[in-house]
Amino acid sequence: MAITRDEVLHVARLARLELTDDEVERFTGQLSAILEAVAKVSELDLSDVEPTAHPLDLVNVWAEDEPRPSIPVEDALANAPDREAGFFKAPPA
Amino acid sequence: MNWEPVIGLEIHIHLKTRTKMFCRCEVAYSEPENTRTCPVCLAHPGSLPVPNAKAVEWTIKLGLALGCRIAERAVFHRKNYFYPDNPKGYQISQYDEPLCVDGRLVVPGPDGEPEVGIVRAHLEEDAAKNVHTGSAQGRIAGASATLVDFNRAGTPLVEIVTRPDLRSADDARRFLQLLRQTVVELGISDAEMEKGSLRFDVNVSIRPQGSDELRTRTELKNLNSFAFAAKAIQREVERQTGIYEAGGEVEQETLHFEPGTESAPPLRSKEEAQDYRYFPEPDLVPLQPPAELVERVRAELPELPGARILRLAADLDPDTATDLVTSGRDALFERVPGDRRAVANVLMNQFAAAGVDAAAVDPEELGKLIEARSRIPRERLIEALAASGTPGFSADDYLGDGLMADTSELEPIVDRILEANSGQVEAYRGGKEGLLGFFVGQVMRETRGKADPKVVNELLREKLSA
Amino acid sequence: MIDTLRLTAEEAMGLIERGEASAAELHAAYLDAIRDRDGELHAYLRTVDEADGGGVPIAFKDVISSRGVETTAGSKVLQGYVPVFDSTVAARCREAGLPLIGKTNMDEFAMGSSTENSAYGPTRNPWDPERVPGGSSGGSAAAVAAGLAPWALGTDTGGSVKQPASLCGIVGLRPTYGTVSRYGIVAFASSLDQVGPMTKTVRDNALLYRIIAGRDPCDTTTVELPQPVELPEREDLKGIRVGVPKELNEAEGIEPGVKEAADRTIELCRELGAEVGETTLPRSVEYGLACYYLVAPAEASSNLSRYDGVRYGLRVEGESGVRSMYERTRDAGFGDEPKRRIMLGAYALSAGYYDAYYGQAQKVRTVIAQEHAAAFRSFDVLVSPTSPTVAFRLGEKAENPLAMYLSDVLTIPSNMAGLPGLSIPCGLSEDLPVGFQLIGPQFSENTLFHVGHALERAIGFDVVPGRLQ
């Protein structure tokens, strides 16, 4: 197996996905097959090759420190699943 | 066995740019919640970061002030983790290609001038503010929630990491003071712990004196003042010493301090090593600071506090030199003529207590005053210092021989004061005896501190009880 | 009565200019056509009743934010999410006066090649409703092909504009990376995503590209076009050097009917005056898929972390504590394909694996870019079929992720290098459209439009599906 059940549980945890047992089983098989296929990249000896940082050779793109209007608080909260006054509300951290 | 502490610091400084690091929302200080936000700092789907040019420039400025090499090429990385104050689920930070590396800060102290290595200084964005609350509206007691305010999310932060070169709690405190002073004088941050614009964590371990091993360290987090940090570090050093001397092993732990719980032992936790899955930020292109920019910033650096302390320490002890610089009185010190130690002493003590603006003082006159200070009464010196910031101040007015004790000279002055303050006279006679001090002060002011307080007191009592 | 089946955007523009139809009338005609035909096809997720603008109406893939219009990215995790801001491409279309017809269906978070991964049900191919329209921009492709929109915007990461264009018999451009803003586009893979026009003709495509392209200060990965977009006029290919990379044209899995149609089109290039020669991309095709399926999921795993139920979208309460809410929300909100890719991506980035997986894949990318650059020293455009197959049946590959991934084997390599690609319909195989892919160097869209237009004229492909005529 290119990836074990435990490793699947680990990455699911890292990604905050609560998988059912059925999902874990199914995904372990599928991810294994995919990983085996993508591991193909390691066939190449690329020790002298630079990784591609960006498709274009751009550097130093930034903006002046000039303010632009923020959005109204009602817009900020417009899609909030839960709120309290002007705050976003979430279960305790 | 002699043990030596091995202390390193990780400091976060909030840059006081007008706008956030990756969007142009105005940085908020105390605005109503979620009124300084936009799709970018709220991490709405499809939003993209745009770096703040000033923040980059100021990070370079700080790096140069700390003797760092400015990277030819620097890259932003994503640091991935989940938390309600982290809206993208990743923080844009820097990883193995930071903007500034390999610096040093010389921190003068009683044991010489230890050089503290700066491993790196990099640029990143701050998280939002979580408010953990009990539930409102009379719901079940014990229920709670996290309320999140994104005003702070995206504020530019510089993270500075030192080498573990600090060898005592006091060293650490001095380092922090000097760093803070430097940052404030560069004009890039207010660096105030109470406002949250300076935060730091400390790594502490110990080792046998003379060895160069690095043993297990503990991390102290959320310390809220330099003084408290020094105490906490000292306690931790002692704790670790006790463990090793009893033949035990120090465990890797994080100690969480809470504001207001200085006397309580900290909460200990073993933080799981987090896998942040750093990778270069694909939404941002690399930084290649142009040489002209770096050189211009370097040329514009003022004489930094560290250098000034070193200069002053040629004539003074390091603590006094440091105090003068960190209190902002060193510029005045350099202009006031006279014995260095005497001038420093007065500036840091009586002058400081007088609360006078150093910039308003005529240094020559102050120098005269200080030189003569042992020849005049204490109250007169205090009077004089208090007046030293007023335009036209002349030391001579307060010098000269003896006290004015002649009642014939003092009586008219006392009468004048009483006449001019009939309201207070009535109040005094009505029972407010504390007002005597007020009248004494008025006379002293009239006579520029030269009146003999005993005589003044007697005269006043006589006239007031009449 | 406006015949939306056949109407091109350029023709619609003419109608408006000559006062023969108003934008509102056109808009209404498309809504009528949608009522008529979209029940079967399900190209649209929602329509917009009011025609806001005086120009040619347009459809957007539901990954493109339009202020005030629900945008789901084909996922339950964004059900009900209404953006409070316009994407830059939406703003540019709005400035050009193009009224929005509606938001089209897509594979969830643009992950897929058939639109079967939509959380809202699949879209059907107008040429054969038992077959997929391709993906992930299947809704936009089907809408244009079925006359439910004169033109549309899709997005392309691994081929998600080119491949559905191919399967639906229309024209699709994947622009040079960095020429169209991603601001407001729900992100899948940041270093690969590009918005692309999907149209009935190559000229329409150039017209739409001209409206949306150009540097955006809100997206620091964009650049100005070095030259203005030209509307193609020439119908010959004299002076054009056409390269035929053998690895792209002989890849495993290319159906005979597809190969035949592509080969005929290559011959047509010669007839139109092009110099045609064979070339090679030694490792780009062999390693392209593996490279893509490391880079894209890695970036996606991070881009999708913001869907946590705190500020917008779906929230499913957990037992106690925010972590449980995250886990339940994300498990309920994401379909299988996003989950697979998130986990794959997290794995490829995780401590100990980064160098071998993500790090190595970014190096393979450099190799792919170098191989294409080498080929472009001798050729102006490289050609191949767009998709190895014609439209396959619904359900045929849905259970087999790897089989589905192979649909992109021909579109992926040039994407990894940030290069533009235009797909034009070049014929039929088994009565289903075959797409022909034109790949150019960076910023060569004008060349692609020229070649595409000349071929389009010569081929005379009828973009209206037989069964709808």
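By written order: A, B and C. Residues from 1 in each chain.
One rule holds in what follows: a residue touches a chain if its C-beta (ideal position, glycine included) is under 8 Å from a C-beta of that chain, and two chains touch if they have at least 3 such contacts.
Quick caveat, the model's predicted, so the values are computed rather than measured.
Participant: For the chain pair with the highest number of C-beta contact pairs, give its two chain identifiers.
Facilitator: A-C
Participant: Looking at C-alpha means, what's the farthest chain from subunit B?
Facilitator: If we average the C-alpha coordinates per chain, C ends up farthest from subunit B.
Participant: What's the distance between the Cα centroids of subunit B and subunit C, rounded to whole Å?
Facilitator: 55
Participant: Between subunit A and subunit B, what's the gap in Å when you average each chain's C-alpha atoms?
Facilitator: 39
Participant: Where the centres are mean C-alpha positions, what is the separation of subunit A from subunit C, in Å?
Facilitator: Here subunit A and subunit C have centroids separated by 22 Å.
Participant: Multi-chain contacts only, two chains or more: what residues does subunit A have there?
Facilitator: 14, 16, 53-54, 56, 58, 61-63, 71, 76, 88, 90-93
Participant: Provide the list of subunit C residues touching at least two other chains, using ranges where the numbers run on.
Facilitator: 81, 84-85, 191, 217, 220-221, 301, 305, 308, 310-312, 322-323, 326, 346, 350
Participant: Any chance you could list the residues of subunit B touching two or more other chains?
Facilitator: Subunit B, residues with two or more chain partners: 39, 42, 50-51, 82, 84, 146, 148, 275, 277, 282, 284-285.
Participant: Which subunit B residues qualify as touching subunit C in the complex?
Facilitator: Listed in rising order, the residues of subunit B that touch subunit C are 39, 42-51, 78, 80, 82, 84, 87-90, 146, 148, 275, 277-279, 282-285.
Participant: Flag every residue of subunit C that touches subunit B in the complex, lowest number first.
Facilitator: 65, 71, 73, 78, 81, 83-85, 87, 182-187, 189-191, 217-221, 298-299, 301-302, 304-306, 308, 310-312, 322-323, 326, 346, 349-351, 354, 358
Participant: Once bound in the complex, which stretches of subunit C touch subunit A?
Facilitator: 80-82, 84-85, 177-178, 191, 217, 220-221, 223, 283, 286-287, 289-291, 293-294, 301, 305, 308-315, 317-318, 320-328, 330-331, 334, 339-340, 342-344, 346-348, 350, 356-357, 359-367, 369, 401-402, 405, 417-418, 442
Participant: Any idea which subunit A residues touch subunit C in the complex?
Facilitator: For this pair, the touching residues of subunit A are 3, 7-8, 11-12, 14-20, 23, 27, 30-31, 33-35, 37-44, 46, 49-56, 58, 61-63, 71, 75-76, 78-82, 88, 90-93.
Participant: Under the touch definition given earlier, write down the residues of subunit A that touch subunit B in their complex.
Facilitator: These residues of subunit A touch subunit B: 14, 16, 53-54, 56, 58-68, 70-71, 73, 76-77, 84-93.
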